[in-house]
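Structures are listed in the sections that come next.
What follows is chain A paired twice: with chain B in the first complex and chain C in the second.
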Partner chain A sequence: MLRFIVRRLGLMALVLFGLAAIVFLMAQVVPGDPARTAAGRNATAEQVAQARERLGLDEPLLVQFGRHLSRLAHGDLGTSLFTSRPITADLADVLPASVELVLAAMLVNLLVAVPLGVISAARRGRAADLAARLIVMFGAAVPVFWLGLMLQYLLAAQWQVFPLTGRLSFGVSVPERTGMVTVDALLAGDLGAFSDALAHLVLPAVTLAAPFVAVVARTLRSTMISALDRDFVTLARAKGASEWRVVIRHGLRNALVPSSTIIGMQLGWMLSSTVLVESIFGRPGIGAYAVNAVLQNDLFAVVAVVLVIGVAFVIANFLVDLVHLWLDPQLRRAGV
Partner chain B sequence: MTELLTVRDLRVDFDTPSGPVRVIDGLDLTVAPGERVALVGESGSGKSVTAQAILGLLPTARVTGSVRLDGQELVGASRRILRQVRGNRIGLVFQDPLSSLNPVMTIGRQVMEPLLIRGVRRAEARRRAIDLLARLGVRDAARRFDDYPHQFSGGMRQRVVIAIAVIAEPDLLIADEPTTALDVRIQAQVLSLLDEIAAERRMAVLLITHDLGIVAGFAQRVVVMYAGREVEQGPVDEIFGRARHPYTRGLLAAVPRIDERHQGRLPTIGGQVPTPAQRPDGCAFHPRCSSTVDACRSEVPLLLPRAAAHRVACHVATRHAEQVTEV
Partner chain C sequence: MAAPPVPPVPLVSRRRRLRVGDWLERAAVVVAALVILVAVVGPFVAPHDPYRVALDQSLQPPSAEHWFGTDADGRDVFSRVLAGARVTLLATFVVIAVATVIGVVLGTAAALGGRIVDEILMRICDIGLSFPAMILALGLAAAMGPSLESAVIALALTWWPGYARLVRTLVRETLHAEYVDAARSIGMSRWRLITRHVLPNSLDTLYVQITLDVAAVILVISGLSFVGVGAQPPSAEWGALVAAGRNNVVNGWWVVALPGAAIALTAIAFNLVGDRLRVRNDPTLGNGGKA
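Here is the complex of A and B:
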């Protein structure tokens, strides 16, 4: 078990190295000259050359890559050409908001998709199955920006159930610790601020979750159906187990093994799809930051964002492996 | 003698895209308390469906007729009544011990489950489960309690499945091909274990098998099925000594015997069991039968008594008997 984890960590390091290399090469081939951006719009050729030297862009590619790696190892993502601040500082400002949004969306995703998938499978071919599949289809078919705008228009602007935009209402503030306002409000013991932050989180989280719900519900439905057809499920019924016990303890527990792979990967996908949701609901976050960086031709910031999202995928994958280990006793022994 | 299990005119139909198909066609069966009955037939003759129909485990099938356990009707019974019967009064053992066990649940929890469902306290359930596993020959039962099915060998898994079936002390054990998936040496062990545990607990056993070879030493009565119908039934000595139905005779001839020297290959019955959708008219066995008369092709033979408790559904056997009586 320990060997498994160590091996996975080693693999993770390898993947991260590959990712850093790809991102570095990508930065070399995209159009745009970072030295010119850094020097400013009206810089002379001399000033551009100075900037190039200052940024080390005149050195051989391999040397640049070596420096790139050593900086990364020290947690240095470089300086934003646009804000002139360390990119790590910029990310520290925006990343927690996105992580908060992604975690909330994942919660919504699981709370909706798992029951839908289970009901669909247990009542396969009946009215409940049809209804669940219609809901799923709707979530999959509706574009995120449309859903976001409609929710915002109806629930926030018209009926004013939820706030329109932002992370906190005007005049509400929480001491910053993690950067996730809901968590910070809880840590400060401020329940008023917590419910305010939560209210701001609901619509963006639902919007972000919608397309992911469809995937989880469909996957779970099909894996559940094949699990429920197996002998041990019939045998569980023959023991006199209630249908609920049969479906949850024997069916769902087995169906979760394959489904957890997809759920884990979704953490990474969600982080990279925050762009639209964050701009609709006026939330600062990595999505909004990425859009800005691209528009401003801020190459180092773009590279940093790609790297961060890549790291999120790698971490999500590692979590999936751990969850698998916990869910599937056969893996534990085999130490695959 | 009051019967424990009485099956009368059991019919099971499955809906298929090409219309309903009758898989079991009018089965009659009784099991007395403590009695051992073997239900015999080739693959595809409807034996396993019978077992699941008795317990109401065929949600997609249409089951008609009557299944009574101590007078309690089970066909069409409420889910609540069925749940009280399953595990508690009737235990079930499947053919393949690997697919019968939930791969992500410890064997201990699976053995305890029938007790926990009925509100037995966990500590008590654990104690009983360990005792039973030890009794069934699982070495180090207490230590292996928290192991998973894949850590057990095939024979050990089948002992676990038997433990699950008998832990709630049912009156009837339905064992559906309990030894088929095991290798020969383990088969004998598991069978004698079933024999002992049934005797100790005075359980009746309905042994479902295609292998007449294991029936002789185990069962008191034999019911032979062919293509969803019962073709012959009688005490084990009658069936082995004076089988009347050509199908039963064919099955008996195909059992290898240690006390007879065979020249060349074992005799076989040509052809195979028809699928329920293609069951021939008249006697379902007639295309494979060596002694047919006209009636075989058009009329389904009735199950008629031949001797005390020995019944046969065969036109030829019946006609032959009439001639004997006339003489």
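Here is the complex of A and C:
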């Protein structure tokens, strides 16, 4: 088991190094001269040369890469050309909104996908199964940005069930502690603000969750079907256990271990999908920040977002592996 | 083969079940073929010029004249969706073709090239598969300067590791097949052995994966355009169409709804076709995979 963890840690270090290299290369392929960009539009040749020296752009590529690594290790992601602030500070401001959204989407995902997968497996081949599979088929193919716009149009603009954009209604505010508005509202004991924040969270969370619901429901269905075909299920039935007890206690419990890996990995995927969702609903998170940076041609900020989401993704997957190891005794014994 | 004594009642219900699935799959094949046809002939059959601006026709709702209505610049949305099929599908095709070529070459090299080559290539694949392709492609495309070409190149460069790993596994399996041993024993050259026997016989599974990936690539490409690093206005790329309509969604839902529906419908069709191929290709999913 220790060997497995050490190997995973080694792989993680390699992957992070690869990510740093990719991000460094991204900054190299920029068309135009970064020194000129940094020096400003009306800079003289002398000022450009100064900027080049200041940024270390006149040094060999390998030296530049070394300096790039050391800056990353110190948490220095550069300065945003658009906000003129350190990108690390920018990201610290926007990340809580994205974490809040991802956690809410994960909740929606589980609340919808688990019953869908269970019903689909338990009523295999019946109408309920067909309906569940149609939902899955749609969820796997719908473009999230389009789903977001449609939900916003129908449920917010037309029928006004939910607010259009933002995180809180006009005039409502909560003292900031975690940066996650729902949590902050609860901490302040302001239930009105909490329900307001929650209402603002529903549409983005449902939109973000849709494609992930499809994956979880489909995985759960197939793992549950193979679990329900096993001998211990036949035994439970023979002992006279009720059908729902069989499905939940024996089917679902045994299907949850393989599904938990996928669900855990989805946290990283969801964070990257915020790029498609947040700007639609005017949520100031890391995805909206990335889109804004693209529009403003703020390449360092774009690259920093790629890096941060990449790192979050790698760490999330490592944690998932650890949890999986803990959940599945067979893996531990095999010493994979 | 003698008919086994099967009770008739469950057989009937199973047949009925098959019919729903079969009907869906056939419809999917038809839709996928239709989308490809539109991609080829779309611009010729479009009722209006997809790029002609007519500001006096701005945001007309769907009608007999404009089936999908008009956008904020008065362009016919139906014609733009038809024209966009070519843009979106061609971009998808190029991404998959380039990724497949890289994947087949590097995957084969990893399978045949000895331990060191294998180790290096597979660790590179590990790195590539460790991140969502979309976020890497977003950064690369932004760095190269936002355009459909950038998005296509960026996505192809991030999509191949999956293929390389699959091809490596498939080639390794095929290498030990008896007919390959036989060909080797009659003194066939290594190159001929690989191109004539190993690759053709190992790639069936790859084709299935490619079909299943069409929908995923369409979604990512249109997503990149929507975010602004892919196709730029006035391109009729489907994601760009949705992006162009998003600010007018309250006055003109059709500008967003109908191009997006085209994306969803196409993705559903290719997913179903891919599933069908997967089931046919996989002997372990007997019973037509209808379990």
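Assorted remarks:
Basically, the second predicted complex is superposed on the first by the 314 of 336 C-alpha atoms of A that agree within 3 Å, B and C clash if a C-alpha of one lies under 4 Å from a C-alpha of the other, contacts with A are read in each partner's own complex, and residues count from 1 in each chain.
We take it that a contact is a pair of C-beta atoms (placed from the backbone, for glycine too) under 8 Å apart; a residue touches a chain by one contact, two chains touch by 3 or more.
On a predicted model such as this, the values are computed, not experimentally measured, just so you know.
The partner of chain A that touches more of its residues, comparing chain B with chain C, is C. Contacts of A:266 after superposition on the shared chain: neither chain B nor chain C is touched. Once the two complexes are laid over each other on the shared chain, residue contacts for A:328 go to chain B alone; chain C is not touched.
Contacts of A:149 after superposition: chain C is touched, whereas chain B is not reached. Using the contact criterion defined above for the overlaid structures, shared-chain residue A:242 touches chain B, although it does not reach chain C.
Within the superposed three-chain model, A:231 lies in touch with chain B and out of touch with chain C [touch as defined at top]. If you check the complex, the residues on chain A that touch chain C are 11, 14-15, 18-19, 22-23, 26-27, 29-31, 124-125, 130, 137-138, 140-146, 149-150, 152-153, 157, 225, 268-269, 272-273, 275-276, 279-280, 290-291, 293-295, 299, 302-303, 305-306, 309-310, 313-314, 317. Contacts from chain B toward chain A in the complex involve residues 52, 55, 57, 79, 83-88, 91-92, 94, 96, 99-106, 113-114, 117-118, 148, 150-151, 161, 164, 168. Note for the complex: chain A touches chain B at residues 230-232, 234-243, 245, 249-250, 253-254, 257, 327-330, 333.
Here chain C touches chain A in the complex through residues 13-14, 17, 20, 123-124, 126-127, 130-132, 134-136, 138-140, 142-146, 215, 219, 222-223, 226-229, 239, 242-243, 246, 249-250, 253, 256-257, 260-261, 263-264, 267-268, 271-272, 290-291, going by the rule given at the top.
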